[in-house]
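Below: one structure in structure tokens.
Naming follows writing order (A, B and C), and every chain is counted from residue 1.
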Amino acid sequence: MKHFRKELWFHTSQRRDYLNITAEVQAAISESGIMEGLCLVNAMHITASVFINDDEHGLHEDFERWLEKLAPEKPHDQYRHNGYEDNADAHLKRQIMGREVVVAITGGALDLGPWEQIFYGEFDGMRRKRVLIKIIGT
Amino acid sequence: MKHFRKELWFHTSQRRDYLNITAEVQAAISESGIMEGLCLVNAMHITASVFINDDEHGLHEDFERWLEKLAPEKPHDQYRHNGYEDNADAHLKRQIMGREVVVAITGGALDLGPWEQIFYGEFDGMRRKRVLIKIIGT
Amino acid sequence: MKHFRKELWFHTSQRRDYLNITAEVQAAISESGIMEGLCLVNAMHITASVFINDDEHGLHEDFERWLEKLAPEKPHDQYRHNGYEDNADAHLKRQIMGREVVVAITGGALDLGPWEQIFYGEFDGMRRKRVLIKIIGT
């Protein structure tokens, strides 16, 4: 069994953003030399997400409005976590969007459906944060 | 390390539906000959879900009403993703229900709790869609 | 490829609770002797969750209020699942919080970000329930 580990680093210019990281994940798989296996991709921060959905700008605007409806950022004092921090909403939003994806590797490539794209979802950005890629296989 | 890949295809007669696929996943594990390992089961479409919950009809009606409350289908024009498409709500519902499950394989069988059942959750059906099963182990 | 399996049992004194199980998961990894691989940690019950977030008491109070807003326990008769049972809300809450986490193992340790902690989320407690740890690797 082979294994491979890589970190991806991000620094968004906005508090909330969605970055397509599919090509970086495929590059890590190619670098690993693993042909058949499983690839874990997870946010290493608890106010961010890795998820799979459509690379469509209108949908990302829908995510923003929908997550703000389900777990609004403001007023900050509605959350007991806030005070020294102001990011309780980001901890909640990430529960809906998910921490991680596990993706199949087949023939050395991401085994995704036709519209599946891997995203880093940032909910408390404007600072350096990272994603872990861990691959095991043969 | 052994590996195994299989697709399951579905075509629901309704826009939204829940199909118990536990037996199909177990059949794939048996076909693989893998006794100990991990089994990834994921929707290959971004408007569908694979999740684990109870096989109880009342609960599935509760899912329908609850998901319609959190991410209503209509009016279609409330979502920027819609226009050519009408399925933005399905992209949101699938984030709550999740894309995938990873299940342990022990002694050649799904290692599930007493009430755990694996479901394909369809949120934009009435066409052919598929699920990927990828198994690695020994 | 090595593999390892362990169950953790819990019995909370309240209906809903959050237990930090990070040390127990690390202990299982150490017991397994696996240095590089993937660790699946999943609730074996469909009214409970395993998730990763912050070990901060205020945030856990926010989870309680937020989940009660999105999927209120009462009135029990608002759910078709209820009648003989009263835990439909727990089935819904667990969909938001998630069934499982998959965590990387690197150098024999949990490969977590600085604030990532693994929790057992109980939504229908006051009875014995369990979590499965399954580890594969080398």
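Here, a residue touches a chain if its C-beta (ideal position, glycine included) is under 8 Å from a C-beta of that chain, and two chains touch if they have at least 3 such contacts.
None of the values given here were measured: they were computed from a predicted structure.
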Quiz item: What is the size of the turn, to the nearest 5°, that moves the C-alpha atoms of chain A onto the matching ones in chain B?
Solution: 120
Quiz item: Is it true that over half of the residue numbers where chain A touches chain C are used by both copies, so same, or is it different?
Solution: different
Quiz item: Taking each chain's centre as its mean C-alpha position, how far apart are chain A and chain C in Å?
Solution: 20
Quiz item: Tell me, which residues of chain C touch at least two other chains?
Solution: 1, 38, 70, 96, 98, 102, 136
Quiz prompt | Partner chain B, residues of chain A touching it in the complex | solution = 1, 36-38, 51-54, 56, 58-59, 61-63, 66, 70, 96-98, 101-104, 106, 111-116, 136-138
Self-check item: Parts of chain C lying in touch with chain B, wherever the complex brings them together
Solution: 1, 3, 5, 38, 40, 42-46, 70-71, 79-83, 88, 91-92, 94-96, 98-100, 102, 130, 132, 134, 136
